[in-house]
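Accompanying notes for the structure given below.
By written order: A, B, C and D. Residues from 1 in each chain.
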Amino acid sequence: MELYQGSLDIKSIFSRWLDEERESNYGAFIPFIGTIRAENNIEALSFDIYEPILESWFNGWVERAKKRGAKVKMAHSIGDVPVHTSSYISAVFSPKRRVALELIDEFVEDFKANAPIWKYDILDGRRIYAEDRSTPMSGSGILASKEDN
Amino acid sequence: MELYQGSLDIKSIFSRWLDEERESNYGAFIPFIGTIRAENNIEALSFDIYEPILESWFNGWVERAKKRGAKVKMAHSIGDVPVHTSSYISAVFSPKRRVALELIDEFVEDFKANAPIWKYDILDGRRIYAEDRSTPMSGSGILASKEDN
Amino acid sequence: MVKIEFLGPIEQESLEIEANSLKDVANFLQNIESINSWLDRCAVAVNSQMCNDLSKKLNSGDVVSILPPVCGG
Amino acid sequence: MVKIEFLGPIEQESLEIEANSLKDVANFLQNIESINSWLDRCAVAVNSQMCNDLSKKLNSGDVVSILPPVCGG
(Lines give C-alpha, C1' and ligand atoms only; values in the text may rest on other atoms or scores of the structure.)
Protein backbone atom coordinates (compact mmCIF):
# COMPACT_ATOMS: atom_id res chain seq x y z
CA MET A 1 0.00 0.00 0.00
CA GLU A 2 1.31 3.42 -0.95
CA LEU A 3 0.14 6.86 0.22
CA TYR A 4 1.24 10.09 -1.42
CA GLN A 5 0.74 13.77 -0.67
CA GLY A 6 -1.35 15.24 -3.52
CA SER A 7 -2.09 13.80 -6.99
CA LEU A 8 -0.73 10.39 -7.91
CA ASP A 9 1.83 9.91 -10.67
CA ILE A 10 -0.32 7.21 -12.30
CA LYS A 11 2.05 6.41 -15.18
CA SER A 12 4.99 5.81 -12.90
CA ILE A 13 3.00 3.71 -10.40
CA PHE A 14 1.43 1.65 -13.22
CA SER A 15 4.82 1.06 -14.87
CA ARG A 16 6.46 0.04 -11.63
CA TRP A 17 3.65 -2.41 -10.74
CA LEU A 18 3.83 -3.91 -14.23
CA ASP A 19 7.60 -4.39 -13.84
CA GLU A 20 7.29 -5.79 -10.31
CA GLU A 21 5.01 -8.61 -11.51
CA ARG A 22 6.50 -9.12 -14.99
CA GLU A 23 8.00 -12.50 -14.07
CA SER A 24 5.24 -13.58 -11.64
CA ASN A 25 3.31 -15.43 -14.36
CA TYR A 26 -0.01 -13.64 -13.82
CA GLY A 27 -2.10 -13.71 -16.99
CA ALA A 28 -4.48 -10.91 -16.05
CA PHE A 29 -3.70 -7.48 -14.59
CA ILE A 30 -6.57 -5.07 -13.94
CA PRO A 31 -5.89 -1.62 -12.50
CA PHE A 32 -8.67 0.75 -11.46
CA ILE A 33 -7.78 4.45 -11.72
CA GLY A 34 -9.90 7.09 -10.00
CA THR A 35 -9.68 10.63 -11.37
CA ILE A 36 -11.23 13.78 -9.89
CA ARG A 37 -14.17 14.92 -12.04
CA ALA A 38 -14.83 18.60 -12.65
CA GLU A 39 -18.32 19.06 -11.19
CA ASN A 40 -20.15 21.49 -8.88
CA ASN A 41 -17.42 24.06 -9.53
CA ILE A 42 -14.95 22.30 -7.29
CA GLU A 43 -11.25 23.12 -7.69
CA ALA A 44 -10.06 19.93 -6.10
CA LEU A 45 -11.01 17.15 -3.72
CA SER A 46 -9.10 16.64 -0.50
CA PHE A 47 -8.62 13.46 1.52
CA ASP A 48 -7.97 12.54 5.15
CA ILE A 49 -6.77 9.01 5.81
CA TYR A 50 -6.56 7.02 9.02
CA GLU A 51 -3.55 4.97 8.13
CA PRO A 52 -3.52 2.23 10.82
CA ILE A 53 -7.03 1.04 9.90
CA LEU A 54 -6.44 1.47 6.16
CA GLU A 55 -3.36 -0.71 6.55
CA SER A 56 -5.27 -3.49 8.34
CA TRP A 57 -8.19 -3.22 5.88
CA PHE A 58 -5.72 -3.57 2.99
CA ASN A 59 -3.85 -6.46 4.61
CA GLY A 60 -7.16 -8.31 4.92
CA TRP A 61 -7.56 -8.01 1.15
CA VAL A 62 -3.98 -9.16 0.53
CA GLU A 63 -4.86 -12.36 2.40
CA ARG A 64 -8.23 -12.80 0.67
CA ALA A 65 -6.60 -12.33 -2.75
CA LYS A 66 -3.81 -14.77 -1.87
CA LYS A 67 -6.35 -17.52 -1.15
CA ARG A 68 -7.58 -17.09 -4.72
CA GLY A 69 -4.05 -17.12 -6.16
CA ALA A 70 -4.15 -13.37 -6.79
CA LYS A 71 -2.39 -10.21 -5.63
CA VAL A 72 -3.76 -6.73 -4.88
CA LYS A 73 -1.95 -3.38 -4.87
CA MET A 74 -3.16 0.08 -3.99
CA ALA A 75 -2.07 3.72 -3.87
CA HIS A 76 -4.04 6.74 -2.62
CA SER A 77 -3.59 10.47 -2.22
CA ILE A 78 -3.58 12.42 1.03
CA GLY A 79 -4.58 16.10 0.98
CA ASP A 80 -5.62 18.13 -2.05
CA VAL A 81 -6.01 16.59 -5.51
CA PRO A 82 -6.96 19.01 -8.35
CA VAL A 83 -9.67 18.12 -10.88
CA HIS A 84 -8.55 15.94 -13.82
CA THR A 85 -5.74 14.42 -11.78
CA SER A 86 -5.90 11.06 -10.01
CA SER A 87 -6.24 10.23 -6.32
CA TYR A 88 -6.56 6.45 -6.46
CA ILE A 89 -5.13 3.44 -8.23
CA SER A 90 -5.65 -0.13 -7.18
CA ALA A 91 -4.96 -3.32 -9.08
CA VAL A 92 -5.49 -7.05 -9.13
CA PHE A 93 -3.04 -9.55 -10.63
CA SER A 94 -4.25 -13.11 -11.19
CA PRO A 95 -3.37 -16.15 -13.30
CA LYS A 96 -7.07 -16.30 -14.26
CA ARG A 97 -9.22 -13.72 -16.01
CA ARG A 98 -12.43 -14.55 -14.08
CA VAL A 99 -10.78 -14.23 -10.67
CA ALA A 100 -9.24 -10.89 -11.66
CA LEU A 101 -12.53 -9.44 -12.96
CA GLU A 102 -14.47 -10.52 -9.88
CA LEU A 103 -11.79 -9.45 -7.43
CA ILE A 104 -11.31 -5.92 -8.82
CA ASP A 105 -15.07 -5.36 -8.49
CA GLU A 106 -15.27 -6.67 -4.91
CA PHE A 107 -12.08 -4.90 -3.87
CA VAL A 108 -13.05 -1.47 -5.26
CA GLU A 109 -16.59 -1.68 -3.86
CA ASP A 110 -15.35 -2.67 -0.41
CA PHE A 111 -12.74 0.08 -0.61
CA LYS A 112 -15.52 2.61 -1.25
CA ALA A 113 -17.56 1.30 1.68
CA ASN A 114 -14.93 0.51 4.29
CA ALA A 115 -11.57 2.20 3.69
CA PRO A 116 -11.13 4.86 6.40
CA ILE A 117 -10.77 7.81 4.02
CA TRP A 118 -12.71 11.06 4.24
CA LYS A 119 -13.35 13.23 1.23
CA TYR A 120 -13.80 17.01 1.07
CA ASP A 121 -14.73 19.37 -1.75
CA ILE A 122 -12.40 22.31 -2.22
CA LEU A 123 -14.71 25.15 -3.19
CA ASP A 124 -13.65 28.81 -3.14
CA GLY A 125 -10.64 27.70 -1.12
CA ARG A 126 -12.86 26.11 1.58
CA ARG A 127 -12.70 22.43 2.57
CA ILE A 128 -16.24 20.98 2.83
CA TYR A 129 -16.91 17.37 3.95
CA ALA A 130 -18.58 15.44 1.08
CA GLU A 131 -21.19 14.03 3.46
CA ASP A 132 -23.84 13.29 0.80
CA ARG A 133 -21.40 11.05 -1.10
CA SER A 134 -20.05 9.26 1.98
CA THR A 135 -21.04 5.83 3.30
CA PRO A 136 -21.23 4.71 6.94
CA MET A 137 -18.70 1.90 7.48
CA SER A 138 -20.03 -1.53 8.41
CA GLY A 139 -20.92 -1.66 12.08
CA SER A 140 -21.79 2.03 12.18
CA GLY A 141 -24.24 3.26 14.81
CA ILE A 142 -23.30 0.99 17.72
CA LEU A 143 -22.45 3.94 19.94
CA ALA A 144 -25.90 5.46 19.34
CA SER A 145 -27.73 2.61 21.04
CA LYS A 146 -29.43 3.52 24.31
CA GLU A 147 -28.54 1.69 27.52
CA ASP A 148 -31.59 -0.43 28.31
CA ASN A 149 -30.43 -3.31 30.50
CA MET B 1 -8.69 -0.19 -32.05
CA GLU B 2 -4.99 -0.82 -32.47
CA LEU B 3 -3.21 -3.90 -33.83
CA TYR B 4 0.53 -4.43 -33.50
CA GLN B 5 2.97 -7.02 -34.80
CA GLY B 6 4.37 -8.90 -31.75
CA SER B 7 4.25 -7.94 -28.05
CA LEU B 8 2.48 -4.75 -27.01
CA ASP B 9 4.33 -1.82 -25.44
CA ILE B 10 1.84 -1.69 -22.57
CA LYS B 11 3.38 1.27 -20.75
CA SER B 12 3.29 3.47 -23.81
CA ILE B 13 -0.29 2.49 -24.79
CA PHE B 14 -1.50 2.99 -21.22
CA SER B 15 0.18 6.39 -20.95
CA ARG B 16 -1.21 7.56 -24.26
CA TRP B 17 -4.76 6.44 -23.40
CA LEU B 18 -4.50 8.20 -20.04
CA ASP B 19 -3.38 11.40 -21.77
CA GLU B 20 -6.05 11.14 -24.48
CA GLU B 21 -8.85 11.13 -21.88
CA ARG B 22 -7.21 13.36 -19.27
CA GLU B 23 -9.64 16.23 -19.92
CA SER B 24 -12.71 14.08 -20.76
CA ASN B 25 -13.95 14.13 -17.17
CA TYR B 26 -14.20 10.38 -16.73
CA GLY B 27 -13.95 9.43 -13.05
CA ALA B 28 -13.11 5.76 -13.57
CA PHE B 29 -10.58 4.18 -15.92
CA ILE B 30 -10.15 0.40 -15.90
CA PRO B 31 -7.65 -1.28 -18.22
CA PHE B 32 -7.40 -5.05 -18.56
CA ILE B 33 -3.92 -6.32 -19.52
CA GLY B 34 -3.40 -9.86 -20.76
CA THR B 35 0.09 -11.34 -20.45
CA ILE B 36 1.35 -14.65 -21.85
CA ARG B 37 1.81 -17.17 -19.04
CA ALA B 38 4.71 -19.60 -19.06
CA GLU B 39 2.98 -22.99 -19.06
CA ASN B 40 3.19 -26.30 -20.93
CA ASN B 41 6.73 -25.39 -22.01
CA ILE B 42 5.53 -22.90 -24.61
CA GLU B 43 7.98 -20.28 -25.88
CA ALA B 44 5.29 -17.90 -27.06
CA LEU B 45 1.69 -17.68 -28.19
CA SER B 46 0.86 -16.56 -31.70
CA PHE B 47 -2.29 -14.85 -33.00
CA ASP B 48 -4.17 -14.64 -36.28
CA ILE B 49 -6.76 -11.86 -36.55
CA TYR B 50 -9.53 -11.30 -39.06
CA GLU B 51 -9.49 -7.53 -39.00
CA PRO B 52 -12.75 -6.59 -40.79
CA ILE B 53 -14.90 -8.55 -38.33
CA LEU B 54 -12.81 -7.52 -35.34
CA GLU B 55 -13.35 -3.91 -36.41
CA SER B 56 -17.14 -4.31 -36.63
CA TRP B 57 -17.24 -6.28 -33.36
CA PHE B 58 -15.28 -3.47 -31.68
CA ASN B 59 -17.42 -0.72 -33.21
CA GLY B 60 -20.50 -2.45 -31.77
CA TRP B 61 -18.94 -2.10 -28.33
CA VAL B 62 -18.04 1.56 -28.92
CA GLU B 63 -21.76 2.18 -29.53
CA ARG B 64 -22.90 0.08 -26.56
CA ALA B 65 -20.45 1.90 -24.27
CA LYS B 66 -21.52 5.30 -25.60
CA LYS B 67 -25.15 4.61 -24.64
CA ARG B 68 -23.94 4.15 -21.07
CA GLY B 69 -21.83 7.33 -21.18
CA ALA B 70 -18.62 5.34 -21.41
CA LYS B 71 -15.74 4.75 -23.82
CA VAL B 72 -13.85 1.56 -24.72
CA LYS B 73 -10.35 1.17 -26.18
CA MET B 74 -8.45 -1.90 -27.26
CA ALA B 75 -5.08 -3.03 -28.59
CA HIS B 76 -4.02 -6.57 -29.60
CA SER B 77 -0.98 -8.34 -30.97
CA ILE B 78 -0.68 -10.13 -34.31
CA GLY B 79 1.85 -12.95 -34.68
CA ASP B 80 4.22 -14.24 -32.01
CA VAL B 81 4.17 -12.94 -28.43
CA PRO B 82 6.82 -14.42 -26.07
CA VAL B 83 5.90 -15.56 -22.55
CA HIS B 84 5.83 -12.83 -19.88
CA THR B 85 5.03 -10.16 -22.47
CA SER B 86 1.56 -8.81 -23.24
CA SER B 87 -0.72 -9.45 -26.22
CA TYR B 88 -3.84 -7.60 -25.11
CA ILE B 89 -4.94 -4.40 -23.44
CA SER B 90 -8.47 -3.09 -23.38
CA ALA B 91 -9.97 -0.34 -21.26
CA VAL B 92 -13.19 1.30 -20.17
CA PHE B 93 -13.51 4.98 -19.26
CA SER B 94 -16.69 6.09 -17.50
CA PRO B 95 -17.92 8.93 -15.30
CA LYS B 96 -19.27 6.25 -12.95
CA ARG B 97 -17.48 3.49 -11.10
CA ARG B 98 -20.34 0.93 -11.37
CA VAL B 99 -20.70 1.33 -15.13
CA ALA B 100 -16.93 0.95 -15.59
CA LEU B 101 -16.71 -2.20 -13.45
CA GLU B 102 -19.66 -3.85 -15.19
CA LEU B 103 -18.57 -2.83 -18.67
CA ILE B 104 -14.98 -4.08 -18.41
CA ASP B 105 -16.32 -7.49 -17.34
CA GLU B 106 -18.88 -7.72 -20.16
CA PHE B 107 -16.45 -6.36 -22.73
CA VAL B 108 -13.58 -8.71 -21.87
CA GLU B 109 -15.87 -11.76 -21.68
CA ASP B 110 -17.49 -10.98 -25.03
CA PHE B 111 -14.03 -10.35 -26.48
CA LYS B 112 -12.97 -13.83 -25.37
CA ALA B 113 -16.10 -15.40 -26.89
CA ASN B 114 -16.60 -13.40 -30.09
CA ALA B 115 -13.53 -11.51 -31.25
CA PRO B 116 -12.25 -13.20 -34.44
CA ILE B 117 -8.78 -14.02 -33.12
CA TRP B 118 -7.11 -17.44 -33.25
CA LYS B 119 -4.45 -18.49 -30.80
CA TYR B 120 -1.54 -20.91 -31.34
CA ASP B 121 1.04 -22.33 -28.97
CA ILE B 122 4.65 -21.97 -30.13
CA LEU B 123 6.29 -25.17 -28.98
CA ASP B 124 9.69 -26.36 -30.26
CA GLY B 125 9.33 -23.78 -33.01
CA ARG B 126 6.00 -25.27 -34.17
CA ARG B 127 2.71 -23.33 -34.29
CA ILE B 128 -0.13 -25.43 -32.82
CA TYR B 129 -3.77 -24.22 -32.76
CA ALA B 130 -4.95 -23.87 -29.12
CA GLU B 131 -8.17 -25.71 -29.91
CA ASP B 132 -8.88 -26.88 -26.34
CA ARG B 133 -8.85 -23.26 -25.10
CA SER B 134 -10.92 -21.85 -27.97
CA THR B 135 -14.65 -21.04 -28.01
CA PRO B 136 -17.06 -21.39 -30.94
CA MET B 137 -18.41 -17.91 -31.77
CA SER B 138 -22.14 -17.30 -31.32
CA GLY B 139 -24.10 -18.74 -34.24
CA SER B 140 -21.54 -21.50 -34.80
CA GLY B 141 -22.67 -24.71 -36.48
CA ILE B 142 -25.24 -23.33 -38.92
CA LEU B 143 -23.36 -24.76 -41.91
CA ALA B 144 -23.41 -28.24 -40.35
CA SER B 145 -27.20 -28.53 -40.54
CA LYS B 146 -28.51 -31.10 -43.03
CA GLU B 147 -30.83 -30.07 -45.84
CA ASP B 148 -34.21 -31.53 -44.93
CA ASN B 149 -36.81 -29.54 -46.78
CA MET C 1 -19.49 -16.87 -58.26
CA VAL C 2 -19.21 -16.64 -54.46
CA LYS C 3 -15.85 -16.72 -52.69
CA ILE C 4 -15.47 -18.90 -49.58
CA GLU C 5 -12.51 -18.12 -47.30
CA PHE C 6 -11.32 -20.19 -44.36
CA LEU C 7 -9.94 -18.27 -41.39
CA GLY C 8 -7.41 -19.04 -38.67
CA PRO C 9 -6.33 -22.65 -38.31
CA ILE C 10 -8.41 -24.18 -41.13
CA GLU C 11 -5.84 -25.21 -43.70
CA GLN C 12 -7.78 -24.70 -46.88
CA GLU C 13 -7.26 -22.25 -49.72
CA SER C 14 -10.19 -20.02 -50.68
CA LEU C 15 -12.75 -21.54 -53.04
CA GLU C 16 -15.05 -19.99 -55.65
CA ILE C 17 -18.41 -21.68 -56.20
CA GLU C 18 -21.84 -20.99 -57.62
CA ALA C 19 -24.25 -20.48 -54.71
CA ASN C 20 -27.57 -18.67 -54.30
CA SER C 21 -27.75 -18.93 -50.52
CA LEU C 22 -25.76 -20.00 -47.45
CA LYS C 23 -27.67 -23.28 -47.67
CA ASP C 24 -25.90 -23.99 -50.98
CA VAL C 25 -22.58 -23.21 -49.31
CA ALA C 26 -23.44 -25.60 -46.46
CA ASN C 27 -24.29 -28.41 -48.89
CA PHE C 28 -21.07 -27.83 -50.81
CA LEU C 29 -18.79 -27.74 -47.76
CA GLN C 30 -20.39 -30.77 -46.11
CA ASN C 31 -19.08 -32.81 -49.04
CA ILE C 32 -15.45 -31.79 -48.41
CA GLU C 33 -14.35 -34.17 -45.68
CA SER C 34 -11.52 -32.04 -44.26
CA ILE C 35 -13.87 -29.04 -43.99
CA ASN C 36 -17.00 -30.90 -42.90
CA SER C 37 -15.30 -31.88 -39.62
CA TRP C 38 -14.97 -28.16 -38.74
CA LEU C 39 -18.51 -27.04 -39.59
CA ASP C 40 -20.31 -27.89 -36.33
CA ARG C 41 -18.15 -25.38 -34.45
CA CYS C 42 -17.66 -22.69 -37.09
CA ALA C 43 -19.50 -19.38 -37.40
CA VAL C 44 -20.13 -17.61 -40.70
CA ALA C 45 -19.74 -14.07 -42.00
CA VAL C 46 -20.95 -12.70 -45.31
CA ASN C 47 -18.99 -9.72 -46.58
CA SER C 48 -17.48 -9.33 -43.09
CA GLN C 49 -20.86 -9.25 -41.30
CA MET C 50 -21.62 -12.15 -38.96
CA CYS C 51 -24.60 -14.14 -40.22
CA ASN C 52 -26.75 -16.75 -38.42
CA ASP C 53 -29.33 -17.22 -41.17
CA LEU C 54 -28.87 -20.25 -43.41
CA SER C 55 -31.46 -18.93 -45.89
CA LYS C 56 -29.33 -15.78 -46.46
CA LYS C 57 -29.32 -15.04 -50.22
CA LEU C 58 -25.92 -14.63 -51.87
CA ASN C 59 -24.97 -12.60 -54.92
CA SER C 60 -22.06 -13.00 -57.27
CA GLY C 61 -18.97 -11.45 -55.71
CA ASP C 62 -20.07 -12.07 -52.12
CA VAL C 63 -17.41 -13.33 -49.72
CA VAL C 64 -18.37 -16.01 -47.19
CA SER C 65 -15.94 -16.38 -44.27
CA ILE C 66 -15.75 -19.55 -42.18
CA LEU C 67 -14.68 -18.74 -38.59
CA PRO C 68 -13.46 -21.57 -36.33
CA PRO C 69 -13.42 -21.32 -32.48
CA VAL C 70 -11.66 -18.18 -31.22
CA CYS C 71 -9.37 -17.31 -28.32
CA GLY C 72 -8.08 -13.76 -28.23
CA GLY C 73 -6.44 -12.11 -25.26
CA MET D 1 -7.96 6.34 31.29
CA VAL D 2 -9.15 5.61 27.77
CA LYS D 3 -8.41 7.96 24.87
CA ILE D 4 -11.22 8.77 22.42
CA GLU D 5 -10.17 10.22 19.04
CA PHE D 6 -12.48 11.66 16.39
CA LEU D 7 -11.47 11.06 12.78
CA GLY D 8 -12.05 12.89 9.51
CA PRO D 9 -14.61 15.69 9.54
CA ILE D 10 -15.65 15.48 13.21
CA GLU D 11 -14.33 18.69 14.72
CA GLN D 12 -13.53 17.56 18.19
CA GLU D 13 -10.23 17.26 20.00
CA SER D 14 -9.35 13.89 21.53
CA LEU D 15 -10.78 13.19 24.98
CA GLU D 16 -9.53 11.07 27.90
CA ILE D 17 -12.16 9.41 30.08
CA GLU D 18 -12.58 6.58 32.58
CA ALA D 19 -14.38 3.71 30.80
CA ASN D 20 -14.56 -0.05 31.35
CA SER D 21 -16.32 -0.88 28.11
CA LEU D 22 -17.50 0.62 24.83
CA LYS D 23 -20.91 0.94 26.49
CA ASP D 24 -19.40 3.48 28.89
CA VAL D 25 -17.95 5.37 25.92
CA ALA D 26 -21.37 5.37 24.22
CA ASN D 27 -23.06 6.76 27.34
CA PHE D 28 -20.43 9.47 27.66
CA LEU D 29 -20.53 10.56 24.01
CA GLN D 30 -24.32 10.58 23.83
CA ASN D 31 -24.24 13.40 26.36
CA ILE D 32 -22.06 15.64 24.17
CA GLU D 33 -24.56 17.22 21.80
CA SER D 34 -22.14 18.00 18.93
CA ILE D 35 -20.87 14.41 19.00
CA ASN D 36 -24.20 12.67 19.64
CA SER D 37 -25.52 13.85 16.26
CA TRP D 38 -22.72 11.86 14.53
CA LEU D 39 -23.06 8.61 16.45
CA ASP D 40 -25.81 6.88 14.44
CA ARG D 41 -23.56 6.81 11.37
CA CYS D 42 -20.13 6.33 12.95
CA ALA D 43 -18.16 3.10 13.24
CA VAL D 44 -15.73 2.34 16.05
CA ALA D 45 -12.20 1.01 16.28
CA VAL D 46 -10.33 0.00 19.42
CA ASN D 47 -6.54 0.22 19.13
CA SER D 48 -6.93 0.45 15.33
CA GLN D 49 -9.07 -2.71 15.06
CA MET D 50 -12.65 -2.25 13.90
CA CYS D 51 -15.10 -3.27 16.65
CA ASN D 52 -18.84 -3.96 16.44
CA ASP D 53 -19.30 -5.16 20.01
CA LEU D 54 -20.66 -2.63 22.48
CA SER D 55 -19.79 -4.89 25.43
CA LYS D 56 -16.08 -4.79 24.44
CA LYS D 57 -14.00 -4.34 27.61
CA LEU D 58 -11.52 -1.47 27.67
CA ASN D 59 -8.26 -1.16 29.57
CA SER D 60 -6.36 1.93 30.61
CA GLY D 61 -4.34 3.21 27.65
CA ASP D 62 -6.76 1.86 25.02
CA VAL D 63 -7.53 4.18 22.12
CA VAL D 64 -11.11 4.32 20.82
CA SER D 65 -11.49 5.83 17.32
CA ILE D 66 -14.76 7.25 16.05
CA LEU D 67 -15.06 6.88 12.25
CA PRO D 68 -17.68 8.91 10.38
CA PRO D 69 -18.97 7.95 6.86
CA VAL D 70 -16.15 7.37 4.37
CA CYS D 71 -15.57 8.09 0.71
CA GLY D 72 -12.17 7.14 -0.65
CA GLY D 73 -11.27 6.88 -4.29
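Everything that follows uses one rule, which is that contacts are C-beta pairs under 8 Å (C-beta built on N, C-alpha and C of every residue); 3 or more make two chains touch, one makes a residue touch a chain.
The model shown is predicted, which means the values in this text are computed figures rather than measured ones.
Participant: With centres defined as the mean of C-alpha atoms, identify the chain lying farthest from chain B.
Facilitator: It is D.
Participant: Between chain A and chain C, what distance separates the C-alpha centroids? Give it in angstrom.
Facilitator: A distance of 49 Å separates the two centres.
Participant: On a C-alpha centroid basis, what's the spacing between chain B and chain C, in Å?
Facilitator: So the centroids are 24 Å from each other.
Participant: Give me the residue numbers in chain A that touch at least two other chains, ranges are fine.
Facilitator: Correct list: 34, 97, 108, 112.
Participant: Residues of chain C that contact two or more other chains, please.
Facilitator: Correct list: 73.
Participant: I'd like to see which chains touch which, written out pair by pair.
Facilitator: Contact pairs between chains: A-B, A-D, B-C.
Participant: Provide the residue numbers of chain D that touch chain A in the complex, in ascending order.
Facilitator: By the definition above, chain D touches chain A via 7-9, 22-23, 25-27, 29-30, 36, 39-45, 48-54, 65-73.
Participant: Note which residues of chain B are touching chain A in the complex, please.
Facilitator: Counting only chain B, the residues touching chain A are 10-11, 14-15, 18, 22-23, 25-39, 84, 95, 97, 100-101, 104-105, 108-109, 112.
Participant: Going by the contact rule set out above, which residues of chain B touch chain C in the complex?
Facilitator: Going through chain B, the ones touching chain C are 34, 47-50, 52-53, 56, 76, 87-88, 108, 111-120, 129-131, 133-147.
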